[in-house]
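Dropping the structure in here first, questions after.
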Amino acid sequence: MFTREDIEVAELVTGHSLSIPVFRYRGSAAGPKVHIQAGVHGAELQGNAVIFALMQLLENTTIRGEIVLVPHANPLGENYKFGDYTYGRFDPVTGDNWNRAYWQSSCASKNERKEASQLDISDFAQRHQELDDNELGATFKRALADAIQAKRKAMQEKGGTYANNLCLQLQALAVDADIVLDLHTAANGTRYLYVPAYATASALHLDMPHHLIIPKEFAGAMDEASFCPWWDLQLALAELGRKDWTIPFDAFTVELGSQETIDLTAAKADAAGNFRYLCHKGVLAGDPDPARHSTIFRCHLSEYLTVFAPCGGLIDFQSQPGRHLRKGDTIGTILRFHGLKTGMNPKEALVTVSAPRDGIPLLQFDSSAITRGTQLMQMMTNVQEVAAPR
Amino acid sequence: MFTREDIEVAELVTGHSLSIPVFRYRGSAAGPKVHIQAGVHGAELQGNAVIFALMQLLENTTIRGEIVLVPHANPLGENYKFGDYTYGRFDPVTGDNWNRAYWQSSCASKNERKEASQLDISDFAQRHQELDDNELGATFKRALADAIQAKRKAMQEKGGTYANNLCLQLQALAVDADIVLDLHTAANGTRYLYVPAYATASALHLDMPHHLIIPKEFAGAMDEASFCPWWDLQLALAELGRKDWTIPFDAFTVELGSQETIDLTAAKADAAGNFRYLCHKGVLAGDPDPARHSTIFRCHLSEYLTVFAPCGGLIDFQSQPGRHLRKGDTIGTILRFHGLKTGMNPKEALVTVSAPRDGIPLLQFDSSAITRGTQLMQMMTNVQEVAAPR
Amino acid sequence: MFTREDIEVAELVTGHSLSIPVFRYRGSAAGPKVHIQAGVHGAELQGNAVIFALMQLLENTTIRGEIVLVPHANPLGENYKFGDYTYGRFDPVTGDNWNRAYWQSSCASKNERKEASQLDISDFAQRHQELDDNELGATFKRALADAIQAKRKAMQEKGGTYANNLCLQLQALAVDADIVLDLHTAANGTRYLYVPAYATASALHLDMPHHLIIPKEFAGAMDEASFCPWWDLQLALAELGRKDWTIPFDAFTVELGSQETIDLTAAKADAAGNFRYLCHKGVLAGDPDPARHSTIFRCHLSEYLTVFAPCGGLIDFQSQPGRHLRKGDTIGTILRFHGLKTGMNPKEALVTVSAPRDGIPLLQFDSSAITRGTQLMQMMTNVQEVAAPR
Amino acid sequence: MFTREDIEVAELVTGHSLSIPVFRYRGSAAGPKVHIQAGVHGAELQGNAVIFALMQLLENTTIRGEIVLVPHANPLGENYKFGDYTYGRFDPVTGDNWNRAYWQSSCASKNERKEASQLDISDFAQRHQELDDNELGATFKRALADAIQAKRKAMQEKGGTYANNLCLQLQALAVDADIVLDLHTAANGTRYLYVPAYATASALHLDMPHHLIIPKEFAGAMDEASFCPWWDLQLALAELGRKDWTIPFDAFTVELGSQETIDLTAAKADAAGNFRYLCHKGVLAGDPDPARHSTIFRCHLSEYLTVFAPCGGLIDFQSQPGRHLRKGDTIGTILRFHGLKTGMNPKEALVTVSAPRDGIPLLQFDSSAITRGTQLMQMMTNVQEVAAPR
């Protein structure tokens, strides 16, 4: 069914190589290309289990197009442990956030142009605006691939960090994809999706209960690196008068619960959501299970609120990711012996943290030991309810 | 009710001091002295909540003797975080395990004698064997206190690491206690107790469901440092013919579930167990809640088994600390993409780990990301059931 | 001479506070305000020694204006050690680079405006373009101070990370300064200066042998946060026709050799350079020692080259920071056993790394254990020589 | 010349294997077996360079017996980096000190017997006391090898940590050796040797300037694990009346300067010392360079003194490893702003640390950032001078 190829991405102090496995399913007919990767943040494990569950579903499914699955996408990050846990977000040597090191393969306009290798979108739009949708998409993919190829060549000559090389290799794998799913988790979180504002309708098919709508901004993440060029192209074409062109490309960051956790049963349900979506997109021919979520909650990133700890201490969280909060509900109680002086009532050691607004927490800090300023929670506010498609 | 004193235990690079809070309750009548500390392993938080819950119970309780409560007993350890988590077992500079750095304040016989400050137990027994039980206990406490005082003086002159100084300060606080409880947690664990073999009867009153019976061995832990001298004294007196002397001293390491977690509700139940025990010991005059556990499961440390990971990968634990296992039951399933070659059935990526014997797991590794040799689980085997006292 | 005030900047898990010391020298006459801070990257220690050496020089010196000295400016960062070393660049919990977390207190134009608290420079320029130089500077400082005050108020209400709060507190301390020096070091480095392109003449008085000329870009560092508003004001005034206004403000990041190192003797020489510069600026009335460096080497940041390791292994560095290299000179030899097969000549385990261009390395990686992609060296190329002022 | 074999020692989370390279030189004639390993503490690099230098010397040298060289002996430890540095002494997950995890393959007497696999030395001595020296040595090696083999079998069945498995594999490689050199370095150190008290004469040939004489104690290190059985055998034979048997076995821990450093030039000199020693032992037929050190300084481990930091702060070390100190000499000056109050003389921020006795520091802490209790220095006292053999 699948072929496996291993791509070398690191050479350690001791000379050992680390590689990433690439599982490739080639469909019997032409169709979209799907790229799904997991584990770029090394502690965020569940995406690997979802890829595994998806592989089991694909065993007996007809595929149109191609599906590329990349678990363990950041072996250096996944292998850095302290105590039981994995220090997986940041390179402990360089400080790089591994999901902020992707390369911006294009620039929206000449003025912004920074790098020789980058594709100039406004220039591309001007030169190719007459192509039909299919031709335009294919030509654009080739142009993006050329940009990434040029950048890789430059990096081979001049060198680059592990993070930069890894990200560029992942981008090269995904550059001709029509769909990119980057599987992550929160620290202690529920399931949610980052959705570029142009793709809110398409996102509904992924059967994820919470959607964060994000704007066209590049901050180095895989989803942004993937969708920004297409989105810029849409704007550039619109400026040239072609206002009806819709972006034939989806990229989502999928948040699958809590870090450090593998749950093979939950992974089956997660994979079923992917399956539904891929059927909807015409990649898979199947009869998907019914969606689990009839209502989807969403808010714009600008309404996504962080609650910081007002003091240091030990918090007993009374809230849970995914459970709706009303303004004033107790998020947690902080035990803070520091202020408890001789003769006081022990209760004076307790500090209550309340929800500043109505909303839905998507993630919480994964330890009760907090300092002042610890990001206790991130919560959606001004939440909108949308009916999920059947 | 209580008085609070802060004891300085560290001076940082920037010159700031760190201290430990000592909450002291002096009873209205004479009675035993109780020393309870929490947080020596910095990620093991729940003991602090139990101390807080106990403080609330003590608000309206008559005390005989004295109770000393020391939460946050290792401020350096508790403040070392990476990502969300606390690297609390080991000093990141010296590698010291903070619960293996206590000082052996006595030696059992002249031959073993290593340090000038140590109390020679066989010599003490010989000189004081004629004292009555009360006098003997009081004299022994004074002798131990003298030894610790001499050691502290030597350390002040010659210096010592943070760990050594901290442990010695905690020992000095506890040296005249009749009861020492050192509150810890496992990584991902249930509730259990380390019980010195001589104190199995006394331990039953603490309302902890699992007991690990430990021999008289000093490996640097607080409980061992506290009870070994008394146990050695018993043996020395027996050798001198006084065979009926029972040890008037209890020291237990109490394991309160999982690290990184504060649960104020569970802490109330935990504190209720302590309360029961202290009533039984005559320290508190109260009417304790009924015990939660009617059956206590115990095994000897030599029957406490570690299950190691047979390979690297991502484990979905199917077992839970505290849930009984039969030999052959699945502990967990390891997802291991490494061996999955082109064309294989995805299921071949799964490796099952089974229980090697009947037993009760007390703790599990707190991450699904494991290497070969990771200590997945520790489980009691050859488990004995004991009825708890009413 | 000086007054000392301690500003609280952190509250730990255990409730302890961490603070930064602020030493303040108030001159006998009016004059510029100087702000010098050290240790924002916690492993970069030498700035603290330079502040100490400067304090000794100030004991017998007449001051015009005010000098504020802030050593140990990041106590959380300075106290995080592993093994012997300090993990001082990044917050181990949030990943924040502590010198990339300053707040952008102004925006250059309305279009860019992102935050309510930010000062709009073009608007300010328009409203105050008629003021004379003194009035304009004073008014601008007040406007910047207002912006920072508003931001602090907002952060007090909504909370913020340790890094954001710390940086904002340091900015608040420095907001009315005329001169800001942020003292850092490299990993293994020589002495050099980051110089905003508008201040190249002024920088020559600091007696630092190497200058990196940087453009007007805000990436979160203290120097950028300090000088960008002034630089933007200059451009805005020029656009309004006032082209002769020179920026009455200096901000430099000063790199003082290698991390983890205190050298009190070298600090005297470093402080002497600061002393010279402050005499030149009219803050100090003294007779400075002659400059140590008659020639200053400089290049633009765009010509500052990183050399990456071509493979993993163990490098013997043959180059040294500050020692000029010719293209092709050996930077180091990598010992790489990995490729050494049965029967080969041991020499085949050696890989030579050569300088890709002529230039001056300013810093090197501070360990011989490297992976492929390790940033072995950063070097100035296209170096320009400038005579230092007498 | 050499053959290379790679022994698998770890499987990572991502499934990748780590291995250690074993370079084997088989002599043209019978002779002793030599085992040299480097890098068990992952930051201690120079031993790898010494092995490389030795390989170059062996290219043109006649060997009697066999030489086994194992660089990069702890790949997991060597690949754990934070910032520039390597956290190489301790397993960051289990806390194991990698040079304290070797297995005690024998016990000196029946009473001590703890493990089924251990060889009982007193029993062995009794059974084999009549053998001649050659036969006795060979029989003893076989018995030790059997014990290790049995232990490995048990560990394969029951599992074990990475550290335990690695150490046992290294012991299995070295169990039939006549000479074991374990190459380490200090943090910031000079060159010195740990010498078991029975081997002081032999040690003189290694051309190392400082010797620490150690007693027969097993604390888990490779040298102890290697020589303790032989030493116990000597004592057991003596007790049986065979008092003239000399131990035909050397094991030394060799300390090669400072961690994180590769110096290929110094490695040649280090290897020349090894070469001299191996010529003296009859393994190599060559004409060694003259020894570099005509005088060797030594003291007993009990006279090896640790100097602790009296306060937290920033130290400027004025002493250097290897440079002799007189009692009262300044070791370093600590800059401690913490006590510097308004109006004080800046000099009051300085704290001097002096040598408590005459002696030779062998190592120093490798950072100027220290807490109270930091181990600033370890120094030989009551130093004895010995003339080196020509």
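Letters A, B, C and D mark the chains in the order given here, with residues in each chain numbered from 1 onward.
The rule is simple: contacts are C-beta pairs under 8 Å (C-beta built on N, C-alpha and C of every residue); 3 or more make two chains touch, one makes a residue touch a chain.
What you see is a predicted model; the values in this text were computed from it and never measured.
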Practice task
Rounding to the nearest 5 degrees, give the angle of the rotation that lays the CA atoms of chain B over those of chain C.
Solution key: 180
Exercise for the section: Specify the chain most distant from chain D by Cα centroid. Expected result: A
Problem - Same-site or different-site touching of chain B by its copy chain D, using the half cut - result: same
Completion exercise
Averaging C-alpha coordinates per chain, one finds the centres of chain A and chain D separated by a number of Å equal to 48
Practice task
Using mean C-alpha positions as chain centres, tell me how far chain B is from chain D in Å, no decimals.
Solution key: 34
Problem - chain A-chain B separation of Cα centroids, rounded to whole Å - result: 42
Exercise for the section: List, in ascending order, every residue of chain C touching at least 2 other chains. Expected result: 12-16, 72, 78-79, 81-84, 86, 89, 93, 314, 337-338, 369, 371
Practice task
Could you classify the connectivity of these chains, where an edge means two chains touch, as line, ring, star, complete or other?
Solution key: complete
Exercise for the section: Note which residues of chain D are touching chain B in the complex, please. Expected result: 10-16, 89-90, 93-95, 97, 158-162, 164-165, 306-314, 336-339, 369-375
Problem - Complex contacts: residues of chain D adjacent to chain A - result: 12-19, 72, 75, 78-84, 86, 92-93
Practice task
Give every residue of chain A touching chain B within the complex, in rising order.
Solution key: 1-4, 21, 23, 42-43, 45, 48-49, 52, 55-56, 59, 71-72, 78-79, 81-89, 187-188, 260-265, 314-316, 333, 335, 337-338, 340-343, 345-347, 349, 365-369, 371
